[in-house]
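Some structures to go through are shown next.
One chain, subunit A, links the two complexes that follow: it is found with subunit B in the first and with subunit C in the second.
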Partner chain A sequence: MKQYDVIIIGGGITGAGCARDCAMRGLSVLLLEKADLTNGATGRNHGLLHSGARYAVTDSEAAAECIRENRTLRKVAAHCVEETEGLLITLPEDDLAYQAKFIESCQKAGIDAKAIDPKEAIRMEPAVNPDLIGAVMVPDGAVDPFRLTIYNAYDARLHGAEILTYHEVTDFLKDDSGRVVGVRAHNHIDGSDPEFHATITLIAGGIWGTVLAQKAGVNVGMFPAKGALLIFGHRVNNMVINRCRKPADADILVPGDTICLIGTTSTRIPIEECDDIRITPDEVDLLWREGVKLAPSLAETHILRAYGGVRPLVAADNDPTGRSISRGIVCLDHEVRDGVPGLVTITGGKLMTYRLMAEIATDMICKKLGNTKTCETATTPLTGSDGPALKTDSHTRSSVKAAWGRHGSHIKDIRSESTYETSLVCECEEVSVGEVKFGIEQLEAKNLVNLRRRTRLGMGTCQGEVCACRAAGLIAKSNACAESAKKDLASFLQERWKGMFPVTWGTTVREAQYTSMIYQGLCGLDQWAVETSTTRENPVLSKKEL
Partner chain B sequence: MKYDDIIIGGGLSGLLCAISLAEKGRKCLIISQGQSTLNFSSGSLEFINTREGESFEQAVAQLPAGHPYQKIGADRLTALRASVAQLLGRAGIDTVGDKERNHWRITPFGALKQTWLSLEEMTHFQKEELPRRVLVVDITGFLDFNATFIASSLGKMGIKADTCEVYVQETERLRENDSEFRSANIAHVLDGYAIDRLACAINEKAADADLILLPAVFGIEKDEPARRILRMLKKPAAFIPTMSPSVPGIRLQRLLKQRFIALGGLFINADTVFSADVADGRIASVHTLNHGTTRFEADNFIFACGSFFSNGLKATKDKIYEPILGLDVDFEGSHGDWFNPDVYAEQPYMSFGVHTDNKLRVSLAGKTLENAYAVGQLLSGASPIKSGCTGGVSAISGVYAAEIILNQQ
Partner chain C sequence: MQDNNFQDCVKCTLCTAYCPMAAVNPIYIGPKQAGPDGERYRLKDKAFYDYALKYCLNCKRCEGACPSGVRIGDIIAKAKLESGQFRPGLREMILANTDIMGTLAVPFSPIINPVLKWDISKKLMDGVLGIDHRRTFPAYAGQTFTRWYKKHAKKQQDAFSKQLYYFHGCYANYNYPKLGQDLVKLMNACGYGVQLLEKEKCCGVALISNGMGGQAKRQAKVNLASIRKAGTTVLTTSTTCTMTLRDEYPHVLGLDNADVRDNITLALRFLCEKVESGEIKLAFKSDYQKKVAYHTSCHAEKQGSWIYSLPLLRLIPGVQLTVLESSCCGISGTFGFKKENYEYSQEIGSKLFNNIREANPDYVATECETCKWQIEMSTGFEVINPICLLADALDVEATKQLNQVR
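Presenting the complex of A and B:
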């Protein structure tokens, strides 16, 4: 039986970052994820490359961490980051006096914040509310959390780590002394329950990780806080737009690829609801109303979907909103804390500080294993971010440019020699046949939802209407599994609808009706609709069935 | 400009209504925004889903009272089904379908779906007539048709289904653009020579098949290319629709439009009716975006504007409305009630539509407009995808509204 140095539980950005760091230090690594990479909070947030400015007044420690990591990620994860810069605007209903305090706090935290003339702000970002009375420019940006996670996992694999998705850890294995020596996991693809052994087991599963920790006799008080967001089908703004006031609901508008996002809310929810986040009409109203204050043209913009994630905040006090809780990083050595050797938890923190979290957790693991290699993730570029800029000319196909934006130097692995390989599967996001094949073969996409996260296929204006069927055909070809590809397509459209129906008005009703007419009316796809639990996506079986 | 009848909308219901009127010598105008849902037609019209052994009449009897078929009246439906088939025939569109029972078509995913009237060249079977061995043909690199999807489903039904892929040299130039390799474009480049070569390639692979199944990418302007490949193939063959655009649907729309124009009708394309003048409980005239101050006057107005997809209906967070005149709309509840979280369940919003009386006359602020009718998907009361009545409601309500108008003369 293979013995690993470390088993990492959780395929979000924290787990993927830890897998990469551990693998780069020469440890043998196994990462287990119960669904797909980014399935939890990682794939359900703004994708804001925080400058830290937002926390400068309330949490100077988090702000300082943010700006350091912000600068680092621009260098080492360039292909996942878009350097948009950000504005914090003061509207007539806000207190302009807050601005001075804000700038001062930013400077203390090392964040380059400067006040600019509102007219200048409108010139730089024409979508901003023209009624603004103050504006501060900060080094915010956008980061694609899917890409960042998937490429951390890919990089970890290139360094020898094994990544198993659809493997849900169900229990911890302990030796006679009570030491955690591995885990048992349920394989959702083939139904087996294999055991894996390691010297150290690291829980990096966010909210879900702490529920799991109880099975090892360890209690970590978590504070699940739901954050709801809306995605608009058009990129109205090119800069991040924040409100210059104490952080509140729905006050950040982030551009990302072809779309923009408004968020978030913050509501405490019971831990049982974390698997099935539902967005209420009140949340939609609030997000929309506040979003329109940041950029008035949102009022006329097609809303693609509503969704929500759960912040993995560590409970610290009795604040009912969760906003005053530190986003600080929590790394727990359960040998010291709870008398359970072999088990470590990394939690708290946020997307922005994932690299630092991984560094802290890996340092602790290395110390336990007697490994003295130092962390290199702050200086070694992520795979994909390690190449020169794409050379383009007038003959460069737009799908090649789009794919370069998504995969950086791995563009070399995306075939584009034939017109078939360059033909588009997803026209909204310009995803070619070659890129879909790369997603399936190299980035290990097992179904359409996986493929969406790896390529943006189906994320654009039409939400997969045209491309989902084509991509399902390519997956079917690759896996020789036509019937499960149709089931997967049926559940993919169900998953898209889950985000759409709370915001179905205006042109979104047209899209919904069109999708139903095509997939149900024309094709009869409802015959393949399976009873899926709302909590988990359905993996496609890759067994040959023909 | 004065007409006998103005039809707003050039899809299936509007065209059939207009042709019925024009055939009786009436001076008709169609104002169309352009494409319609015929652009993703299956090439078949459904009347109503029936259970095993159930007649159309019995299935219609179970529909809710507000369904267009109930308004038209069960006793009229048999004759109207016959009228639709005859009308299509006079437009040069040959169909197959039994007056009293459904047949089955094969969908692009290989499902069998019930349907009433199919274009002659599309798949159409009674269950006892299903083939034993088929060959499903893919075109190399064409992403909007998937022979494997079809073959694997047919295989599960016990049909021996093989697939083959044919390469069409003539379509290669379409690939210079990454998004042009689509059904309608392929149909445009498949001329006689290309079709003959394609047929030869398929014949070589079809020795064992009882039936060849082809993607419907033949004949977008006229029938001849579709007929040609069927003639050239040595085995019986039929077409399965592709993902949109639908070549058979586009051809259907073109042939109907030609028929309407040949009968003396005027078809204004790519224009939008945005307002109407109402006086004394009647519509006097309508206005369009492209024709400025022109008043289009008529004795009768037929709203054939389609559902949400065609912008015949619009939704805000608070209400559903008809955008031209604000006609009375049947809908219930608030936003949270309009949609079912299960995408495959019956969706309440699908049955919302313009309120009409039994003569399909619309109303404004509770008052019936004497000379204005609604037809097709704009009508309320049907859940077309779930009950399988999309094409039937459009075709039959279009012809029925014409009958009402003609009977009044």
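Presenting the complex of A and C:
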């Protein structure tokens, strides 16, 4: 039986970052994810490359962490980052006095924030509310959390790590001394329950990780807070727009790839609800109303969908009441804290600080294992971000430029020799047959949702109407099973509909009706509909199950 | 973003199904992708402009097909103009500057017309300019329509109590003055005097499609000023000029023409409406016998103007009318003249050419001049504007009497 140095539980950005760091330091690594990479909190946020400015006034330590990581990610994860820069605007109803305090705090934290003339702000970002009375420019940006996670995992694999998705850890294996020596996992694909052994087990599963930790007799207080967001059909802004005031609901508008999104709300929810987040009409109203204050043209912009995630807020350690919440990074050595050797938890933090979290956790693991290699993730570029810029001329197809934006230097692995390979599967997001094949073969997409996260297929304005059946066909070809592809197609469209449902009016309802007319009315796809599992993840169906 | 309704697209792809270019050219990404889909990317970054957009014919059949009213053709035309990647060369300058070429060519038409037919000059234009050697150039007239008008028609016009203006366009002026003459004959017989605009420039459609937006805008401003000054109905005989003046000026060039848009009208529409309301009566020769096949040009399809042409043609007792299935002839103005487009151009038109051969008419009737060149070159059948057909068949004296013209 294979003995790993470390098993990492959780395929979000933290887990993927840890897997890369551990693998780069020469450890043998296994990452287990119960569904797909980014399925939890990672795939359900703003995608904001924080400058830290938002935390400058309230939490200068977090702000300083953010700006350091901001600068690092621009260098080492260039193909996942878009350097848009950000504005913090003061509207007539806001207190302009806050601006001075804000700039001062930013400077203290090392964030380059400078006040600019409101007219200059309008010139730089024509979509901004023209009534603004003040503007500050900060080094915000956009980061694609799917791409960042998937390429961290890919990089980890290139360094020898094994990544197993759809493997849900169900229990910990302990030896006679009470040391955690591995885990048992349920394989959602073939239904088996294999055991894996490792010297150290690292829990990087956010909210879900803490639930699991209880099985090892460890208690970490988590306070999940739900955040809702709206995605718009195209970009109205090319710079991040924030409100210059104490952080509140729906005050960040981020341009991300072809879309822009407004968020977020913040509502405490019980842990049991984390697996089935529903967006309420009140949340949609609030997001829309506040969003229009940042950029008035949002009022006439097609809304693609609404979604929500859970912030993994952690109770500051040693505070059993949970009143004191930390947004900082929490790395727990359960041998010291709870007398459970072999088990480590990394949690808290933010998408922005994932690399630092991984460094901290890996440092702790290496110390336990006696590995002295130092962390290189702050200087070694992520695979994909390690090549030169794409050379284009006037004949370069826009789909090639789009694919380069998504895969960086790995564009060389996307086949484009034949007309078939360059033809498009997803037209809204310009995903070619070659790119879909790359997603299936190199990035290990097993179903349509996997493919969406790896290529943006189905994320565009038609929400899968045009591309879903084409992509299902390509997946069916790759695994020679048409029946599972049909079920996958049905649940993929169901998942898309779930996000559209809270915002079904105007053009969104026309789009949804048209999609249902094709797939339900014309293709009779409802007979293939499958109950979605509690993890809200598309089931990957094995031939055995069918 | 103003006036750009790309987000109304529900991705039904009907536009691409109706696109004549997408049907024959796998390199062309089709109107849905070139238009509303591409617009999202271009909003992100202008560098996402796709060079394949040069294959758009500007036929606007996509807009006719769109159930959501998305102005797909306009979005593409604008993207081409704004991309900066579609720079006109000498060939584009020559093809698009119809006023300059026409003014230069007409005085020398007896020499130029035969020279343009020589194999050697065709080969030369092919090699040097990239204008396909298989293409037949339209012949230039011996004298322009405006010159004829000043000499032979201007004086008589003031005698009419009702007055109209006429935007003749480049084709009637430099290539086929008979069209303008026939319009004057027809309108005069119905009791209307025909005036020319104070200043008329080419409508600019060829400039728009060849990437010369600035010049198109300057010419458009001259035309709009003259049309405003006219202050009454301005008739046109070309569907393309009509569409450009009415729709492309505001949608593509960003020039507001709302105050005069309704004044600009295809002569056939004006006639049809007046005939229906009883204000105009037409009488035709009893011995006029012709088999006519009507071809709906792309811009007639876009504007729905066939709805006026067909009832008028049906008024002529001796006309046996066949309506051909609406499809693009493939030339698309200057597009089909370009060497690299010739094959596509002919392939697109092949269906129409077969339908014409099958109908075997005396005339093919259509309002579009470039369709005329393409169909005549490709099928050998004579193509005629419905205005000329009406004028030829008209019993002038009887019509005058019916309309109480002295």
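Please note the rule applied: the second predicted complex is superposed on the first by the 526 of 546 C-alpha atoms of A that agree within 3 Å, B and C clash if a C-alpha of one lies under 4 Å from a C-alpha of the other, contacts with A are read in each partner's own complex, and residues count from 1 in each chain.
Methods note: a residue touches a chain if its C-beta (ideal position, glycine included) is under 8 Å from a C-beta of that chain, and two chains touch if they have at least 3 such contacts.
The structure displayed is predicted, hence computed values, not measured ones.
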Quiz item: What is the contact status of A:T58 with respect to subunit B (first) and subunit C (second): first, second, both, or neither?
Solution: neither
Quiz item: Should A:A402 be classified as contacting the first partner (subunit B), the second (subunit C), both, or neither?
Solution: second
Quiz item: Which partner does A:T461 contact after superposing on A: first (subunit B), second (subunit C), both, neither?
Solution: second
Quiz item: First (subunit B), second (subunit C), both or neither: which does A:S416 touch?
Solution: neither
Quiz prompt | Partner chain in contact with A:S478 - subunit B first, subunit C second, else both or neither | solution = neither
Quiz item: Which partner does A:T72 reach: the first (subunit B), the second (subunit C), both, or neither?
Solution: neither
Quiz prompt | subunit B versus subunit C as contact partner of A:Y514, first or second or both or neither | solution = both
Quiz item: With the two structures laid over each other on chain A, which partner does A:K498 touch: subunit B (first), subunit C (second), both, or neither?
Solution: first
Quiz prompt | subunit B versus subunit C as contact partner of A:T301, first or second or both or neither | solution = second
Quiz item: In the superposed arrangement, does subunit B or subunit C reach more residues of subunit A?
Solution: B
Self-check item: Intersection of the subunit A residues that touch subunit B with those that touch subunit C
Solution: 397-398, 419, 424, 427, 430, 466, 510, 514
Quiz item: In their complex, what parts of subunit A are in touch with subunit B?
Solution: 281, 397-399, 419-420, 422-425, 427, 430, 432-433, 466, 469-470, 473-474, 476-477, 482-483, 485-486, 490, 493-494, 496-498, 501, 504-506, 509-510, 512-514, 516-518, 520-529, 546
Exercise. Provide the residue numbers of subunit A that touch subunit C in the complex, in ascending order.
Key: 233-235, 238, 255, 257-258, 297, 301-302, 392, 394-398, 401-402, 419, 424, 427-428, 430, 460-462, 465-466, 507, 510-511, 514
Quiz item: Within the complex, which stretch of subunit B touches subunit A?
Solution: 37, 40-42, 107-109, 111-113, 140-141, 143-144, 146, 148-149, 151-153, 155-156, 172, 175-176, 178-179, 181, 241, 243-244, 246, 307-309, 311, 314-317, 335-336, 338-344, 347, 349-350, 384-385, 390
Self-check item: Contact set on subunit C toward subunit A in their complex
Solution: 1, 6-13, 26, 29, 32-33, 37-41, 43-44, 47-52, 68, 85
